[in-house]
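What follows is chain A paired twice: with chain B in the first complex and chain C in the second.
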Partner chain A sequence: MHSRTKRLNMQLLIKIIFRDERAFVRKRYTRSTGGNVFVMLVLIITGCFMALPLVYALVSSLKPFEEIFIFPPRFFVRRPTLDNFINLFIISSNLWVPFSRYIFNSIFVAFSATSLHVIIASAAAYPLAKHDIPGKKIIFSVVVLSLMFVSQVTFIPQYIIMARLGWINTYASLILPPIGASLGLFLMRQFMEGIPDSILESAKIDGASEYRIFFTIVMPNVKPAWLTLTIFSFQSIWNNPALQFIYNEELKLLPAAMNQIITGNNIARLGVGMAAAVFLLLPPLILFIVIQTRVIETMAYAGIKG
Partner chain B sequence: MSDLLKNTGGQVLDRGYQKTIWQRIKYNRQSYILIIPYLIFFIVFTVFPVIMSVGLGFTYFNVLEAPVFRGWHNYIRMFLDDDIFLIAVRNTLVFTFITGPISYILCFLFAWLINELPRQIRSIATVIFYAPALSGQVFTIWLFIFSPDAYGIVNGFLIKWGLIKEPVRWLLDPAYNLKILILVQLWLSLGVGFLAFIAGLQGIDGNQYESAAIDGIKNRFQELWYITLPNMVPQLIFGAVMQIVASFSVSEVSIRLAGFPSTEYSAETVVTHIMDHGMIRYEMGYASAMAGVLFISMIIANRIITKALKRVGH
Partner chain C sequence: MKLFNLSYEKKKGMSGIIFIMPWIIGFLLFFAKPLIQSLIFTFQKISITHDGFSTDFVGLDNFKYAFFLDPNFIRHVTSSIGNVFYEVPIIIMFSLFIAIILNQRFRGRVIARAVFFLPVIISSGVLVVLLKNDIFGNQLGSTANVYLFESQGFTDLLLKTGIEPTIVLYFTDIVNRIFDLTWRSGVQILMFLAGLQTIPRSYYEASDIEGATGWDSFWKITVPLVSPIIILNMVYSIIDTFTQYGDTGSNSGNTVVRIIYNTAFAEFNYGYSSAQAWIYFIVIVFILIIVYRIIGRKVFYMVE
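Take a look at the complex of A and B:
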């Protein structure tokens, strides 16, 4: 092993001397070609398993009515058509409330609740992760425990609280409860645990307030975490029909409207249903692609933290 | 915080050690100001409802009339007088002991493998693997893949290739439905934990790998065990808790694919049973009691797994 280390050192030295950039590429010495090929194979095969049902969903949304009921069934579509999407919008334009209103509601609620949740939950996670303050253990355990109580029975008590607050049929009932979601605080605290104390202490010596430390040091250090939390939060709010507190049609969200359309249109279920599902998938998918590339890009800075 | 810093910093660095609790709170007031906004929302919309539900577990409550106190009756009924609850427990245990651990390992494995890829491919791979979990509704496509008639993809192809003569009613048949639900659950499993692991891997200091390679770490598995995993303990704990929650509360997939109720309750889980009693039979007291039992089971599972994970790499 000793000679191996020496050899690696020599290689590294030579490369540094000759300014060979490959010397700085991560993980060069611990990867075998055979292993890499095997990994690629595993990823391709499972990737197909993951992607095929989604491709089928997309293809089905493009199938004309007569291609849905054929035997033997075909995976791909022969004559793709946008009929299902057009039908979806014809049905939706006959609704009592204009379809754009549902889209506005969903976008407004998802964006405001997500941004408030990310900021407020991260702010609370910082002291819980890094400060030795009375009560922090209790607060954190209650947050984690609350994740384990299923929401299917808490909706009646939640309704009672909402009614007491007078928030039934308001945007507040859609936007405010997700702010106190447990997942965000838990995720952020776990990531903030890894921030070295030394950089926080030196900022403290320089006289920075905790708020300043939070925004200028803590948040940039856990950028992958809050970007990821943005995805989780947006996605769960976007996909939630949130029917408990809203009876006013004008305040209903997109998934609720879509459910009404699909259940009211039973004949072409596969086609229109999949068109609705694909349409609903688009906003979170776009947000995910935009944000996830940024999560991966933060990698480049990982070396200079601490 | 090191003693050296404590001595030089004096007042600035002393976070109020060896003072009374009130002095410590007052000294750290900025920390509490950061916590309080979250705490208000959390207590009002999460803690209160949970406490009220736990209380309802000891009552008869039909949502319309005021709850009536029934003591331990609901809990006795659950274990001694409700055969379907026992089916639900058995199915839930299948999900916690089979799909739960497999999903968790897959989440980490794929996060780790994808992280090795060149950057452009990495983005595409993340999208493909996370996409099933991203969508709220698209998983209902499995309903059409395993459609009970010959137009469904699986039946259609099996008949065409001569493997079966008549269409199998996959999701309606108690012999198959649970297995298909496991498959779909696995398909959906690269979710919260997977993304948290990817984010966690981005935070590991690259220099650690360089120096480890020089110190004689020979292959990717040694590197995983000695460097990657110890660096990821907080994320691993997060992923485990989310996995426990997900596997103990499987319901949506069962309801949408196997029906509600499923044939002979063969795909009933504890949460679908809770929904059956709470939302359809209006027995909210009994439903809350079942949620309480589920809550305690998850806490126990969480304790065991968190303890085990804290040993990783030590």
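Take a look at the complex of A and C:
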């Protein structure tokens, strides 16, 4: 894959050197200048809307103590300072449980739960999309139905089950429940439906086992889908303080610890809170950017030749 | 003996079951069982005692209360149904539009995509707790609201310029709603992007050679090939709009979920809360069935 990208870059370079106009202007993307400006404008305006809260948090995290409580509130900071981040560091190093423990918990739980969820959801989606298994329709309608339930109501029954299994205060209570989540399954099935049966059949005729078909044909073809699912799943697990099942301080996750730091004392911690929020936003954001750079290049090659 | 005499299709089905088994186990344990438990709760009155809780069977009382006595519940359910019908099409169109733009080649598109995904990360993180509780709680009073910039200041500014208050409120209401909807389409944009990326580029090239315009190839190639994702996003948006934890008094989010949550965890009326949730669930199921019936048959799958 990588060498192929390089080769393509070379081709592009050659085209650029020889001033081949088509390297720059692909007909599908040409549009009147007015149209381009309009599209860029829409993108910028809506983009600003999306980015404002983050910018606000970032700016507020740099505000010194006096500036946070100015009334009327100001958007921009006048005298930026790193005090809030330093304070965050000091507070977190004074915690009863070492801060690195929370970080470890969060990373461990987020990574293992995400990979479990993605693998199991994709594996389950494959037969639902492409096999004739008994009760396929029923299973799929159950999946869709289960998406519609107000999840807050199952908190207490879920707690009862966890208690019976003896999983309260264990990592298992954090990692295993996403196995049964149906959003990923629904998403993956919808994407796998689009793979033509003919390539699966030709692989079968060539003697590939189901496992091989799954890993070498199905999964590469829906790579954008499962990478996207990875992003969703990671960010929701990462952000979830998961306070229902964990009462042992040593097993608590980063958002729970951050909540304690922020809300623990008083509103004077607002700046520290903003610093904490910015800190917590980074991992999902970095993962997103890393994955998106991957996704963009893969599909041009993995696409099914029609 | 019959076990070893399976046809090819049957064998394929068997291996399919192995693929799907882990999910089924997880689902039964972590979702179906709590769900059934909550269904049982709907027929019970649950009271907390010193060693846990006790249940009394009350039959259909919880449902009777929801339909005939509770002044708020049914009213909020109907208004949230009304909202879904105009919100979901806007979300779908907006997110498809943005996804198509973001799928093109331009400098910094990863950053642009990240920007449009920000709402998803932010709205489930610590930041929201902060923005809700601290900033608005202290500085602006009542607006316990995620939506940062739809706040009072803008309205005040317009009112001071001397425009008719009804027009101002109407205008700011529209702005708020649009902002709210764009804010909620992060997931949909990403799913459309993934869908657009599975369309082979060769299709566009072929249609280009045949002389199709961009407009043609949008309707003849893009729309049919992302139609499974359109229905996916439709279902997702409807469910998301219905089940989002919202706030009474503001037009963002869904008030019914909040009512259900409060009944359970503020009033500790767990049986009634379960009944509310089940009524609401059935309403959502009905609406989705209708939508699926209408749109589902238009979906195009690339199966030869």
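Note that the second predicted complex is superposed on the first by the 264 of 306 C-alpha atoms of A that agree within 3 Å, B and C clash if a C-alpha of one lies under 4 Å from a C-alpha of the other, contacts with A are read in each partner's own complex, and residues count from 1 in each chain.
What we mean here is this: a contact is a pair of C-beta atoms (placed from the backbone, for glycine too) under 8 Å apart; a residue touches a chain by one contact, two chains touch by 3 or more.
As the structure is a computational prediction, the values presented were derived from the model and not from experiment.
Engineer: So, A:V218: does it touch chain B (first), chain C (second), both, or neither?
Structural biologist: After superposing on A, A:V218 lies clear of both chain B and chain C.
Engineer: Between chain B (first) and chain C (second), which does A:A113 come into contact with in this model arrangement: first, second, both, or neither?
Structural biologist: Neither chain B nor chain C is touched by A:A113.
Engineer: Regarding the shared-chain residue A:I205, is it in contact with chain B (first), chain C (second), both, or neither?
Structural biologist: First partner only, chain B.
Engineer: Let me test your reading of the model: by the given contact rule, A:A121 touches which partner, first (chain B), second (chain C), both or neither?
Structural biologist: Both partners, chain B and chain C.
Engineer: Quick one: classify A:P196 as touching chain B (first), chain C (second), both or neither.
Structural biologist: A:P196 contacts chain C only, not chain B.
Engineer: Would you sort A:H131 into first (chain B), second (chain C), both or neither based on which partner it touches?
Structural biologist: After superposition on chain A, A:H131 lies in contact with both partners, chain B and chain C.
Engineer: Applying the touch criterion given at the start, work out whether A:V272 contacts chain B, chain C, both or neither, answering first, second, both or neither.
Structural biologist: Neither partner.
Engineer: Show me the chain A residues, by the header's touch rule, that chain B contacts in one structure and chain C contacts in the other.
Structural biologist: Residues 27-29, 31, 39, 42-43, 46-47, 49-51, 53-54, 56-57, 71-73, 120-121, 123-124, 126-128, 131-134, 139, 142, 144-150, 152-158, 160-161, 176-177, 179-183, 185-187, 190-191, 193-194, 197, 210, 214, 222, 224-225, 227-228, 231-232, 235, 239-240, 255, 258, 270, 273-274, 276-277, 280-281, 284-285, 288-289, 292-293, 295-296, 298-299, 303, 305-306, which sit in both footprints.
Engineer: Please output the residues of chain A touching chain C within their complex, sorted ascending.
Structural biologist: Touching chain C: residues 27-29, 31, 39, 42-43, 46-47, 49-54, 56-57, 71-73, 120-121, 123-124, 126-128, 131-134, 139, 142, 144-158, 160-161, 176-183, 185-187, 190-191, 193-198, 210, 214, 221-222, 224-225, 227-228, 231-232, 235-236, 239-240, 255, 258-259, 262-263, 267, 270, 273-274, 276-277, 280-281, 284-285, 288-289, 292-293, 295-296, 298-300, 303-306 of chain A.
Engineer: Quick one: in the complex, what on chain B touches chain A?
Structural biologist: 1, 5, 9, 12-13, 15, 17, 21, 24-25, 28, 30-32, 34-35, 37-50, 52-53, 56, 63, 110, 113-114, 116-117, 119, 122-123, 125-132, 134-142, 144-145, 150-153, 156-157, 159-160, 187, 190, 192, 195-196, 198-200, 202-207, 209-210, 212-220, 222-223, 231, 234-235, 237-238, 241-242, 244-245, 248-249, 251, 271, 274-275, 278-279, 284, 287-288, 291, 294-295, 298-299, 302
Engineer: Under the definition above, what is the set of chain C residues touching chain A in their complex?
Structural biologist: 9, 12-13, 15-17, 19-20, 22-35, 37-38, 41, 97-98, 101, 104-105, 109-122, 124-127, 129-131, 133-135, 138-139, 148-149, 153, 179, 182-183, 186-187, 190-191, 193-195, 197-204, 208, 214, 217, 225, 228-229, 231-232, 235-236, 239, 242-243, 245, 257, 260-261, 264, 270, 273-274, 277, 280-281, 284-285, 288, 301-304
Engineer: Quick one: which bits of chain A touch chain B in the complex? Just the residue numbers, please.
Structural biologist: Spelled out, the residues of chain A in touch with chain B are 1, 4-5, 8-9, 12, 26-32, 35-36, 39, 42-43, 46-47, 49-51, 53-54, 56-57, 60, 68-73, 75, 120-121, 123-124, 126-128, 131-134, 139, 142-150, 152-158, 160-161, 176-177, 179-183, 185-187, 190-191, 193-194, 197, 201, 204-205, 207, 209-211, 214, 222, 224-225, 227-228, 231-232, 235, 238-240, 255, 258, 270, 273-274, 276-278, 280-281, 284-285, 288-289, 292-293, 295-299, 302-303, 305-306.
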